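Before anything else, here is the set of structures, which you'll find just below.
Okay, so chain A shows up in both of these, paired with chain B first and chain C after.
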Partner chain A sequence: MTWLTEWAGYLPQMMSGLSVSLLIAGVSIVAGYPLGLILSVMVSAKNLAVRTLALAVVEIGRGAPALVILYLFYYGLPKFGIAFESITAACLALIWNSAAYSSEIMRAGIQSVGRGQLEASNALGLAQRHTFFRVVLPQGLRSAIPGLMGVAIQMFQGTSLAYAIAVPELMKSAYNIGSQDFNYLQIFTLAGLCYAAISMPATWITVFFEKRLARHA
Partner chain B sequence: MDALSAVLQGLPMTIVLTLSAFAIGIVGAVPLAVGLSSSNILVRLACRLFVDLVRGVPIIVWLFLLKFGIQIGTFKFNPVGAAIVGLGVVSVAYLAEIYRGGLQAVPRGQGEAAHALGLTRGTTFYGVMVPQAFRIVSPSIATYLTGLLKDSSIASTIIVAEMVFQSQSFARQHPTVEGILPYILVGILYIALSLPVAYLSRRLDSRMRKAVYA
Partner chain C sequence: MTLSEIADGKLAPRLGIKLDNISKRYGDNTVLDDVSLHVEPGTVTALIGPSGAGKSTFLRCINLLERPDSGTIQVDQHTIEPGKDVNSRDLAALRRTVGMVFQSFNLFPHMSALKNISFPQQKVLGRSKDEADERSMQLLERVGLKEKAHQHPGRCSGGQQQRIAIARALALDPSIMLFDEPTSALDPEVGLEVLAVMRELAADGMTMIVVTHEMQFARDVSDTLVVMADCRIIEQGDPRAIMSDPQEARTRRFLRAVLER
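For the complex of A and B:
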């Protein structure tokens, strides 16, 4: 019971940290997914330069650990005189991450649209632009929904890495509280439960969508 | 080149962390996957709750919990121990989910046929289901291994001297333009390290395909 009363005391500070975590996750998703869509189109472009650039952005965003990209923005770029506030650096790094991961998922979704759809649009005389935006994209993104939700959860959990560059998010709040009275076990358990309270239901909703989409496939 | 040799000093630790956690995961996930596909609903739910809980908490929280939160008598985790156990537990949960998916993907008829042939339950599971499931999940396991390699970088936050930690300390000592180099190099190294895993996985996959269909 003592844990619960202590947790209740910690909660206000934890909640302000959680709101920062959610903000960073929200920004990285809202800005990252449209960028991901653009990248997914660029990756299959005819122009070699465009394709190579997009591929490099995607492969670095997926292949390098998020922590490294975070450090690159926060500790690396200032050495060239480009300095960010810690929260901006965290947002930029996670936007890159989410754009890279989501672009692969959207590309797979777009590619899964049947050839017949394209042929039918062509036969109906739809312009290429209309074929893409009205026929291919809606179907492709629909099948990408569960994957994109998965990336969103991954991004939310990834915000915990922003602790390493002193962003006042959930993990940092927990550490601050912990270093006051050394209740590390209690406080990190609470932090874990805060993350799980959001990630777990989100995972269940994702699984639900996966099953629903599979039913129509 | 100073930057490169600084980063490379952390390479052995990165590999030790990744492979130790992977070893824990590969073995520990087996009973959990069996529990996840158990016909007993209580066992299934308990395993499901464990897997979802472990996966729902970011790795950095697990590492801090183990490093700072655990104290049993005089025992405390050292950074490397906490990192290996933390990454190991997370791997157990992720790999169990991968195994379960593989077991589920084996056609029902295989189990029924084995039963009809009078094979024992143990033989059915280990001789019929597991080999087929492994073939299905081997690419996912390889993907997870590359993910784990990247996640091992989080150990730098609890002062394990792996590649990212070494990059950090090099960058701190070089406040000039040179200080950005280790971050770029370490990023490239992670990508380079995941290439052989992808290559070996593809070779394993194609070899197993040949073994089945040739």
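For the complex of A and C:
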């Protein structure tokens, strides 16, 4: 009972942290997915330089831990005279992360579109751009939806890394509250519940979409 | 009104097609060995032969879905030499003139039947949405599927999908139609619906090349029967004559195998 009343007292501060977390996650998705789409196309480009560049961006984004990228942006780039506010650095690092992961998912989705679709489109004399944007892409992205939602959840949970550079997100709020009266167990349980309150319903929605897509396949 | 007359009052010109010395290799594997075929305007050519003979490859060379290594393709005023660079204008003209229907239909699953037929008209011919939809509805009605206009292909049977695919190709007013085993993926009964549409099209004077295992269709509908085996055309001529008295042993063997099934 006491936990609940204390939690209620912490909630306003936690909510402000949560809203920062959601903002970072939102930015990394809204900016990261379009970049991911561009990367997914560049990765299969004919031009070797374009392909290599895209591949490097994707592989670093997926291969390096997000925390390393985050530190590079926040502590590394000032060496070159480029300094970001902590929240900007966090967004940029997670954008890179989400672009890299989403590009792989979208590439797989696009490749899963049957050869017959391309052939029909070509036989009808549709231009390359119409074939890609109107025939291939809608089908490819459709099958990528569950995967992309998974990445979105991963990004939301990844925002907790921003704690490491003192962004006032959910974890930071929890830590601040905890260090006042050392109720770490309570406060981090609450933080966990906050993450779960967003992630779990999102996971259920993902499963729902997966089932729906499987049914219509 | 007939199927091909449904165009905005005007008929697409009836064109023939001349294919000369078409060769195609995949690596060291020769699939088409110097194949030539002339098709007169307004005639139906049935292409038969054992699996792996190169029938599909040959058909797909006609609209350059497959790029032959050498040879010439002549449709209307256009002569295309696929061995050399083909400019995009010639390719577009060729594809506009030649419609194709696939064994697996290949409708766009994310578009309604109506959209499947209208969308290419808008993009390829520049028709307005209203013009395109009107034409699409006429064609859907003609293939007996007006009530399916707003359904997605997933909600249609195989036979219905194939008829929609035929309507989609016809909507671009092609002068020549290619069919690659259009009924092979269908139950025999359902296949009949599709064959009926193709018979009408033939009766309307559409120039058609049909790869098929439907011997009855080949005999009754086609003007020319072409038998392919081992990367080349081994026999061609009047379908009844060939079926009753094949000149080549290979043809005889193939016909016996199909007819005895």
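Observations on the structure shown:
Note that the second predicted complex is superposed on the first by the 217 of 217 C-alpha atoms of A that agree within 3 Å, B and C clash if a C-alpha of one lies under 4 Å from a C-alpha of the other, contacts with A are read in each partner's own complex, and residues count from 1 in each chain.
In this section, a residue touches a chain if its C-beta (ideal position, glycine included) is under 8 Å from a C-beta of that chain, and two chains touch if they have at least 3 such contacts.
Keep in mind the model is a prediction, meaning the values are calculated, not measured.
Once the two complexes are overlaid on the shared chain, A:H130 sits against chain C while remaining clear of chain B. When the shared chain is aligned, no partner comes close enough to touch A:E85: not chain B, not chain C. Taking chain B and chain C in turn and counting the residues of chain A each one touches, the greater count comes from B. Looking at the shared chain after the overlay, A:Q117 reaches chain C, while chain B stays out of its contact range. Across the two superposed structures, the residue set of chain A contacted by chain B and also by chain C is empty. On the side of chain A, the complex with chain C involves touching residues 114, 116-117, 119-127, 130, 134-135, 138-139, 142, 216. Here chain C touches chain A in the complex through residues 63, 65, 92, 95-96, 98-100, 102, 104, 106-110, 119-120, 123-124, 154, 165, 168-169, 172, going by the rule given at the top.
Taken together, the chain B residues at the contact with chain A in this complex read 52-53, 55-58, 60-62, 64-65, 68-71, 150-151, 153-154, 156-157, 164, 167-168, 171, 175-180, 183-184, 186-188, 190-191, 194. Within the complex formed with chain B, the residues of chain A that make contact are 59-60, 63-69, 71-72, 75-77, 79-80, 157-158, 160-161, 163-164, 171, 174-175, 178, 184-186, 188-189, 191-192, 195-196, 199-200, 203-204.
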